[in-house]
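You will see two complexes here that share subunit A, one where it goes with subunit B and one where it goes with subunit C.
And now, the complex of A and B:
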């Protein structure tokens, strides 16, 4: 009787957990482990056998691949910008749109709208906006009598990365804004009112009431912005393919390029592992923090 | 208190803030307006009239031509099939696993949950090559299953995280009482917990719909036959082939983006709750 019950229970558990666990293990954990294995192999991606390579692939990217270092430094620049700029604008928008203002629902919706658009469509939209001859960016500069600034935004290797980043800001600001708006709902209105009655200025309320409450939200926004910036692929692929002359190349795209276009899965995987290590530097402390915070809540 | 509030003098700070916000919002929608305008202009108008000019001819034929030349009927169909299969199936898998992780006593539960949590942090964009070789070794390149399975795998972690958090708030007595009546976990999940979580499921559903609809990188390596392309792939190829047919290119952009925008406008509320459910707690 007891055995039968336990058996049925086991089967139920298997049905509940099985599908998610199986698919997740095969199609997410599997490739994750495989990329580490492949980074120590020579493989073209199609032949039946991969040859062991030791540390060759790592040596190759670190010593002999100039594009790797371009991609590496671009990824760092991109990450630094992504952690600073969209969250700051998002924070400012959230503070402003938390006030009782006419039409704030509509304004929130407008600022959030680019978030839901396919990054590849954002890339296409901005390519057209940056069109040197018929695009809106250069046309606006002409109208503002700033013709001196006109250029081929995506064709100039000194500005292309930043031009792409502007499109990325447009797409991602709404994401930070929504998270900050949700965080602001936890700010105690009584505390704010008390501060106001004590004669606190807006800046003081922000410093002493709002910011301390928002600390967990700030952590989350920063970590998510970091992780998303490491993932950036579509928008760069769509706008420049990493060009001109690799000036917008980043690690995720270069890993893809080495494997899927140059058929060097070993090198591509070594680049991917470097990016995973960078991600781990951020993620591991964050996961610890999440688990601890969760224990506190429950 | 409220009476005093009504007689408060005009707050010039807020007035200024509002003007800044409205200006910002106008800048934010300019790209959309520019795309829609261009999509409705003839070639002659694009070359001849100013960028800001309102389209005079309303060249709807741009849409028809782009639809046919870009083979959008096929991409649209593929996107619809993949999204309609992936989203409910993935959500069901996640909900079942989340229920087990929240309500069933078992050994190694915490470790299992940490394993799932780990997945929210893996950038799959880095794993395109091993994903390709895995799907290839299973003979699933160019098949719907070839993208749907990895989509589910990378969607499960966040959904499990959110749903487990929700299921944990349901008092354990509820499932224990049902257990005493002889109900199995499957039955309890199906009859009690699934209906309870409908608002959370709705939020995750909308979020996942848009994410699946928009996904590009994985589809790029797995769906190589143009007959299997999804809309983002179709748009990318159209941009490559007809980059100087500006009117049609912009019509193609509008057609790709519109379904997600419509879903967003209808279900706005759920987006916010789906996004914040995982990130911000009371």
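And now, the complex of A and C:
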């Protein structure tokens, strides 16, 4: 029996993809399926066997857990802010740093630098900046004669989530900026020049030339921001541990806390599954919508 | 290389092999948390001393961060690849969880063989006796007492001449400090367990020993035991009136910094705090008294070494633990791990700090103790206990609601 060209090609592809697929199956798909399985079990991490729990873990988090719904609404607030604010600032920075400015390379590096700092280090830096007695934030407000704005930034449950979010923006805005800068390199100078000759103002060039070209980049930035925001955990853990009074708790951190601190792997996995569904509910329709929009444009 | 040289090298290698000490017959794996460098060096020296006197035994020590240690223990417990000896907190909290899961071997026979009951101070032994069926688990290694440290100059400025002897006197002193414009006490609210200490001692004060224990063991109903809500109300009084604000966003180290700087008159810390005071040059201006709960019990926790139930070398492990807790070793390494040894017969003449001496007297003579909430409760209840304490302290929940909330959570627990 002889194998045709298509068969040989398929076998070649399998050989090339095989190792990567195997690693992906072991380290991504396997644990992913295991989390779903564990969400229907009781397991404390100590017993040799997990016990079936049916829907008990889901009932526990939805009806009896005093923190779950706070974490759920915080995750939604955090995601809405994460999709709007860092990409907008990143886009503005990208537009500014795409111009021929002196020290442009240095400025790009400076704005990108927080991205490469470990989130736990960012948390420590900002925790000290927010120190209500000795921190630079309150000291600056005092120097500016704005003492009325002084806060216990991480201790006041009404502002703590937003105070942590400011640190998150500082850390992530460089990432959006770099993606937008890359996207801006695809904007045709000829088109921009043509628009200018046709009398288009800057805002019109932005709307009718730059933004349509950046459409794939915007999709990538929004999707990545969505996914990253839903799984945000380390910066909140480092700055507040989810407090005060669980007011900065989010689903990813609460899933971790249930599993790794309270050793209730069933409940932790159920929260992780809810987070997964929430992410899928937001990301999949958005991707479909952008694909349709792209098809319409093309 | 000539044939003669090759022969010479080969002969040297054989001679080295013959001269090398006999290979250890038993290997003991000891898992512990990463202590500070002085304590780690002391522990490694203890191991070296044991190996020198027991050539047939090799001791391998592995130290991890606290959370990593707990996680590693969880993985190891069912794998058979765990340690022969592991470090864990004493009592029914974290230590008890591993005992309950069958990770620890009962040590009754070794307590009898090595006469450990006669070696350790009474407070150190209490936690080894708390287990089901009267079994003994864990060998005491560290004991920790907690009390109120106070700034002598600030007390004097407020007209307080001596530490208070009762809870009412403590409240009166707090009011005097407030009148003098001095915040009475400081806590770091963001780390949960720091502010929890205040609630723990208030429960002991308002409920008394028996009811406090019943509440912590979840045998008494928090919502219908009046002192539970009264303790939350007392917590609110302290955080509203006598605590340096704002404190909810502070970590323990930030709160300690404010105490060193004289911004608050008292702080509720453990015996380990003496060395921190010394390092910050404020030892002479600091005094110590136990929170006047009125029950005579010491606010305390212990840290023990447990022998793993799966260890094939339990006898050797017990022998090692007997060695490192022997009076000779404890005397040799005095002050490297804590202010006070777990042993009775220790000479403290070399330790001159009055606060160290005060702790030694307290820990040596305490026969009854109560533990920190996070050692007493299972971890899920601890998390809720923290949430409710923080809610009361930050004025988002009334004390009676908090007591009811505790009971609701306990009633809803799955396990």
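Definition applied: the second predicted complex is superposed on the first by the 258 of 298 C-alpha atoms of A that agree within 3 Å, B and C clash if a C-alpha of one lies under 4 Å from a C-alpha of the other, contacts with A are read in each partner's own complex, and residues count from 1 in each chain.
Just so we're on the same page, a residue touches a chain if its C-beta (ideal position, glycine included) is under 8 Å from a C-beta of that chain, and two chains touch if they have at least 3 such contacts.
Since this is a predicted model, take the numbers as computed values, not measurements.
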> After lining up the shared chain so the two structures overlap, which partner does A:260 touch, if you call subunit B first and subunit C second: first, second, both or neither?
Replying inline: both
>> Taking the superposition on A as described, I'd like to know which of subunit B and subunit C A:21 touches: first, second, both or neither.
In response: first
> Looking at subunit A, which partner touches more of its residues: subunit C or subunit B?
Replying inline: B
> Which of the two partners, first being subunit B and second being subunit C, lies in contact with A:84: first, second, both, or neither?
Replying inline: neither
> Once the shared chain is lined up, is A:152 touching subunit B (first), subunit C (second), both, or neither of them?
Replying inline: second
> Which partner does A:47 reach: the first (subunit B), the second (subunit C), both, or neither?
Replying inline: second
>> Under the stated touch criterion, which partner chain does A:127 make contact with: subunit B (first), subunit C (second), both, or neither?
In response: both
>> For A:31 in the superposed arrangement: first (subunit B), second (subunit C), both or neither?
In response: first
> After lining up the shared chain so the two structures overlap, which partner does A:60 touch, if you call subunit B first and subunit C second: first, second, both or neither?
Replying inline: second
> Of the partners subunit B and subunit C, which touch A:281 in the superposed model: first, second, both, neither?
Replying inline: neither
>> Need the overlap of the two footprints on subunit A, from subunit B and from subunit C, as residue ranges.
In response: 45, 127, 131, 134, 260
> Considering the complex alone, what residue numbers of subunit B touch subunit A?
Replying inline: 13-14, 17-18, 20-22, 24-25, 28-32, 34-35, 38, 46-47, 50-52, 93-94, 96-97, 99-101, 104, 106, 112, 114-119, 121-134, 149-150, 152-154, 156-157, 160, 168, 184-186, 189, 210, 213-214, 216-217, 220-221, 231-232, 235-236, 239, 246, 249-250, 253, 256-257, 260-261, 263-265, 268, 271-272, 275-276, 279-282
>> Per the contact definition, I'd like the list of subunit A residues that touch subunit C in the complex.
In response: 42, 44-48, 56, 60, 64, 66-67, 127, 130-134, 152-157, 160, 240-241, 243-246, 257, 260-264
> Which bits of subunit C are touching subunit A when the two form their complex?
Replying inline: 67, 71, 74, 77-78, 97-98, 101, 103, 189-192, 245-251, 254, 257-258, 263, 379-380, 383-384, 386-387, 390-391, 394, 396, 405, 409, 412, 414-415
>> Give the list of subunit A residues in touch with subunit B in this complex.
In response: 8-9, 12-13, 15-17, 19-21, 23-24, 26-32, 34-35, 38, 45, 93, 96-97, 99, 101-103, 107, 109-114, 116-121, 124-129, 131, 134-136, 139-140, 170, 175, 178-179, 181-183, 186, 202, 216-217, 220, 224, 227, 230-234, 237-238, 251-252, 255-256, 259-260, 265, 268-269, 272, 275-276, 279, 283, 286-287, 290-291, 297-298
